[in-house]
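Two complexes follow with chain A in common, the first pairing it with chain B and the second with chain C.
Moving on, here comes the complex of A and B:
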């Protein structure tokens, strides 16, 4: 048995009253691919940031290859052979690939790019990793940007690599490619830590697993002697929830057509444009939109919301939709940090934004829930912040959002709690008849995913129409009544869960339609 | 006609020099992520100290040195207050400009008995450079453009302005990069101030920067934070300024235009140019962002 490459001894970290890590002790063998698992807020990222010197622990110590070390800054950790790929990439978008890789280790006051490229290429585990070194990072896809981050670590000869949620932003093909690369790096003798939520990839690719929950180490083990059930139970601290069951739709629901899109064309060819897309959403059904990232999903949503120009027609209850988003729509947007939240504002503010007419001192909540339009006078009404606080506190409790207090900045909440907060605001503040859920579970933990899925199905059963756009095929197949596949902006296939014919859900067929092979 | 034209070109070159130094200084600090609205104040401070030291010592060289040093020090103050104390850059810059308006007359009164100006300098305490500073300024643009693209310093300055976190995780402290850039920026703006009081003028005169710090800032924006386009913008502004000086007191098509109206020419040019420019304006992403 080799000595552990990394060992934590009684590591604790608290932020104010919030315990992030409590007495974590764990050891990791060298030359393996370690999965660090846990729900959001379990302390996975904090533990890895302690390892990389970005967070200083209150107590406890780390040892690397048997010798105890303490870092003053990431620079010390880097010098000791560590490297970390953050969840939000730390690249300079306007610089070239090679400049990003050279940054911090330029080797002299003059930049010698040719020498840096030669040095890097000599270190690559395989030639397929070569890229156009002079391209600017902002022109690269997310998957390619991630590869640049990993190349930065290779260039520095990092022996210990940490990747924080590397697969959250990748499509299935890219995930496979990433793990192929990570295994090659492991086979060169490096030790690799991957923080993730997605258990299927852990079981396919990783060597060991470590589960944290509420800041404490729950369990560690080898993947090959473990079953999925054991890991899920460790993560959730109890029995996993039963899978979602979709009941057949009631007959009367099918009649109420809510949204109709007729030959929608929008955007520039080649940039996620939409070409002649038609679809309908009825009350009481979940319509799933499948497709690889950039197949036109974003423009579809933007067109519905009136954020992008389009040709064609969008009808709401048989009438042309004029002003974009309606007050009786709930929206969960793809980019929650930019579109759905005012990220540096308080929980209270965020939970009431957009529905604040409800908290006007003289408001008659029944009429206000269904309309954005208000009479002139109401613009000058005073907001009743006490009521605002009370109401949103009730909504947030109902949706099981965990937050320290209403005044906390929403950026301090975990992704799952942020998403649940958005869901609470969108559903509780309005009389919702239609939901646009764009990647509603991206970067969200298992427990929260289950809650969000359950809510969507409840809404459907109440007669609300749901348009669910996701790149997770499992999610779409579990929840949708119908699945429409978008490929390069066109509808290439439609599937119906309840049909008797060959158009029922079939994973292989949907997958083929997604990549345009029929 | 020819004489007139040569005189005009020479005047453009002379007026462009202080603008170019201030703009290049501002460009460095903005590229490093520090919004630099304090250029005007830095021009005034360095013009004053250059003139004061030249007046005491009678030495142009010491005056030049004092001007650049006072500029660098102002840069350091600006950098330290925004980086370490996390002051908002615009608020800090405005405060600096306002402070200068009060401090210089106070010092002038204490040292020279005149709140508005320093004593007129003899020729030995002035710098007889002709268009020398213009040539130096063009050279500076070349050097800066190369340095930003081909040196470690350029790479780090660029990263500090675009994505300071990228520097941090590579083990480089972006705060140091920003403060360093602020000092260099101050020194360059200081050279611009020296041109005002020791080359073009003979001593410090109240408010002698006359808005050139703001023009330099406009030139940086027009130049999309790139050295050569910024140089072009400086030349355009200097041309408008020079035309303004030529036209003052002359009647145009037999209409005598008030001098104060003519004096607005450089600023009208600025307004027109910035409004007409349709290029993708790309300010450094992390500008005015605390670290």
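Moving on, here comes the complex of A and C:
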């Protein structure tokens, strides 16, 4: 066997109190596609940042092709043939593709674009990778921008490439194209590391897998002699939860129509606007909204909440919705830190904000739960923080939120615990009839994802209507009764899990509708 | 019981915050004393004069508290707006206009009985201050203009209009000074000579303290106060929970204006009994520093305002008792304090690093806090 291209020896990294990596030792064979797996906070990104010189390990060393190296900065790593594509792209939107690729290695006073293009094209594995080099990056789709990032690494002759969550922003077709490209680069002899948490694509495309959990290396192996179960168990440190089963809807549920949106048009024409969108949500069903990021999902939510002007009609139980959010709606916002949490405040505060009327000293929690009191006097009622703390502690326990104490700042909680806290607040503090769940599992670990999914299905079975907006197709296909596909602000297709016809769920068809190819 | 639970709730972060503030104030003090040294004065002597000048006798203390009184109100005004995410840099103008309105009422309605005169004067001052603040609030919410810009412009308008009212409309024709006629005796607030000796300290100090108590309660214990801070801390979250950030911002600006509007009462109703041109004397701007130093909290504002009042009095004594130092040193000292507050994040980082749990002292601190927590645990 060849000597390992990359080897970690007892690498440790601590941030203050928090151990990010602890004594990680691992070796990776050259010329392969390595998947680095793990939950959020498992240390997979940190390990790769150590490799790329972005993070200095407290202990341990790395060796490249058998010789021990230590980087002072990423520049050293790049010079040694490493390259990394960050999760957030590092491109200049207003510059052309070729200018972005040349940036940082222009060589001399005059820019010689023609020479740079010729040099790059000679290095490409095949001609299909050629792009229109003169287009500006801001005009490109996310998938194309990612390709520019990879081309940057090719131009720099990177022998070792690291991609941080490359598929998080891509639709199924783009994911396939990405891995096809990565395999070609691998066949040129490069070693490629992909950080991800999507196991299906790992099993379709990668050669080896490495699982980290809580900063420690759990297991490594070859994909071809491993089953999915083994990897999930390694990631979670226990038995994987049973898959979610969706029971067929009961007939009487269909009758209660909760929300109807009629030809909703909102926003300026362009990215994120909505054009003539109509949809219905009944009690007892989960309606999934599929689409790439920026297809109009945010404006749809904002319009429902009365935060954005719109044309068209939004009906709640057949009556026009008064501006603003209803108290019997639960809301999981897309941008957790800004839209659903007061991030500098305590766990206790965040778990009760918005439903705090019931903690007023004179209030009777039963009567207050369902309505936002807006009369002037209710604003000057005294808050009973003791009751607030007790009630909230009960809710958080029920939803299995882990936190050190109620006074801890909510920003210290993990993403999964934050999202479970939001769930607890939105569901326990109100009598919920309708749920808007916008990217409810983004940045959340597997255990928490399972709990959140289970809650949503439970709500549906209780007769609550759920609008589930997600860019994870797996999630939508597992949970939804119906899927509506948004593309550039328009509804391009609708699918029904329970229908007999051709409108049943089909991954490829949904994927095509998401990028507007029908 | 209460005290014990407070002690138990102290976290390492609070200790670090306290150390940062304390060390910042010490650095500011050293900087000022160093400056005095450079000027050729004895630094210890300077420190002694400042201290005794501010707190050495009941008259000295009275002056310090008298200077502090308007700062309490302008400081609270700025702090309240800032907690809702607005920078009210217009407290000076609001104070000027509110003050002139109070004096005008006192001149026009000379024989009003104190029972009516006191609340009515405060009401008029608050309303006029709030109106002055409503302009930036309206522009902010309706047109998206930044409130700082409009507030500054409104300050200039207040100087102009206020000067005109004092010099031409309400002017005392028999006085050489640019000042108005006297207000009726029903509007006078009594001096607090049992605290302040010969100083102009008056009962408006108690008013300011009552206002602090009310707003501390309002901010910490009521839904309204919580919503106000929520809009300031996480406006998108608040909006998505059915709260109107715009409405709350307007309300906060009106409250802020009203507080600044009555900030002149100590000078006008308690001491001068008339308005002089420029009576606000920058109290609206110093209020910004007071608010920041007080951590935007009502009780903090009270403490910061008293500190600033003392510095002002101490610097006046320095002017008289030393050769080379003028009363402008008060401004320098206030600036140093503001600089120390601005440097708090740096100090915070410094102390966090020193008291990180992985260091010896950090370990000791955490062990000590743990022990305190266990002592009272049931």
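Structural remarks
Keep this in mind: the second predicted complex is superposed on the first by the 319 of 518 C-alpha atoms of A that agree within 3 Å, B and C clash if a C-alpha of one lies under 4 Å from a C-alpha of the other, contacts with A are read in each partner's own complex, and residues count from 1 in each chain.
The working rule: a residue touches a chain if its C-beta (ideal position, glycine included) is under 8 Å from a C-beta of that chain, and two chains touch if they have at least 3 such contacts.
These figures come from a predicted structure and were not determined experimentally.
Touch criterion met: A:79 reaches chain B, while chain C stays clear of it.
After overlaying the two complexes on the shared chain, residue contacts for A:333 are found with chain C alone; chain B is out of touch. When the two structures are aligned on the shared chain, A:180 is found in touch with neither chain B nor chain C. Legend: residue contacts after superposition of the two complexes on their common chain; A:109 is shown touching chain B, with no touch to chain C.
Looking at the shared chain after the overlay, A:343 reaches chain C, while chain B stays out of its contact range. Once the two complexes are overlaid on the shared chain, A:411 sits clear of chain B and of chain C alike. Residue contacts after overlaying the shared chain place A:278 against neither chain B nor chain C.
Within the complex formed with chain C, the chain A residues making contact are 14, 16-17, 305, 307, 324-325, 327, 331, 333, 335, 338-345, 353-354, 356-357, 360, 372, 378-383, 407.
Residue ranges on chain B touching chain A, taken from their complex, read 150-156, 158-159, 162-163, 165-173, 282, 285.
Contact residues of chain A toward chain B in the complex are 54, 73-75, 78-79, 84, 86, 90-95, 99-100, 102-106, 108-111, 152. The touching residues of chain C, counted against chain A in their complex, run 9, 11, 218, 221-224, 226-227, 230, 233-234, 236-237, 239-243, 356-358.
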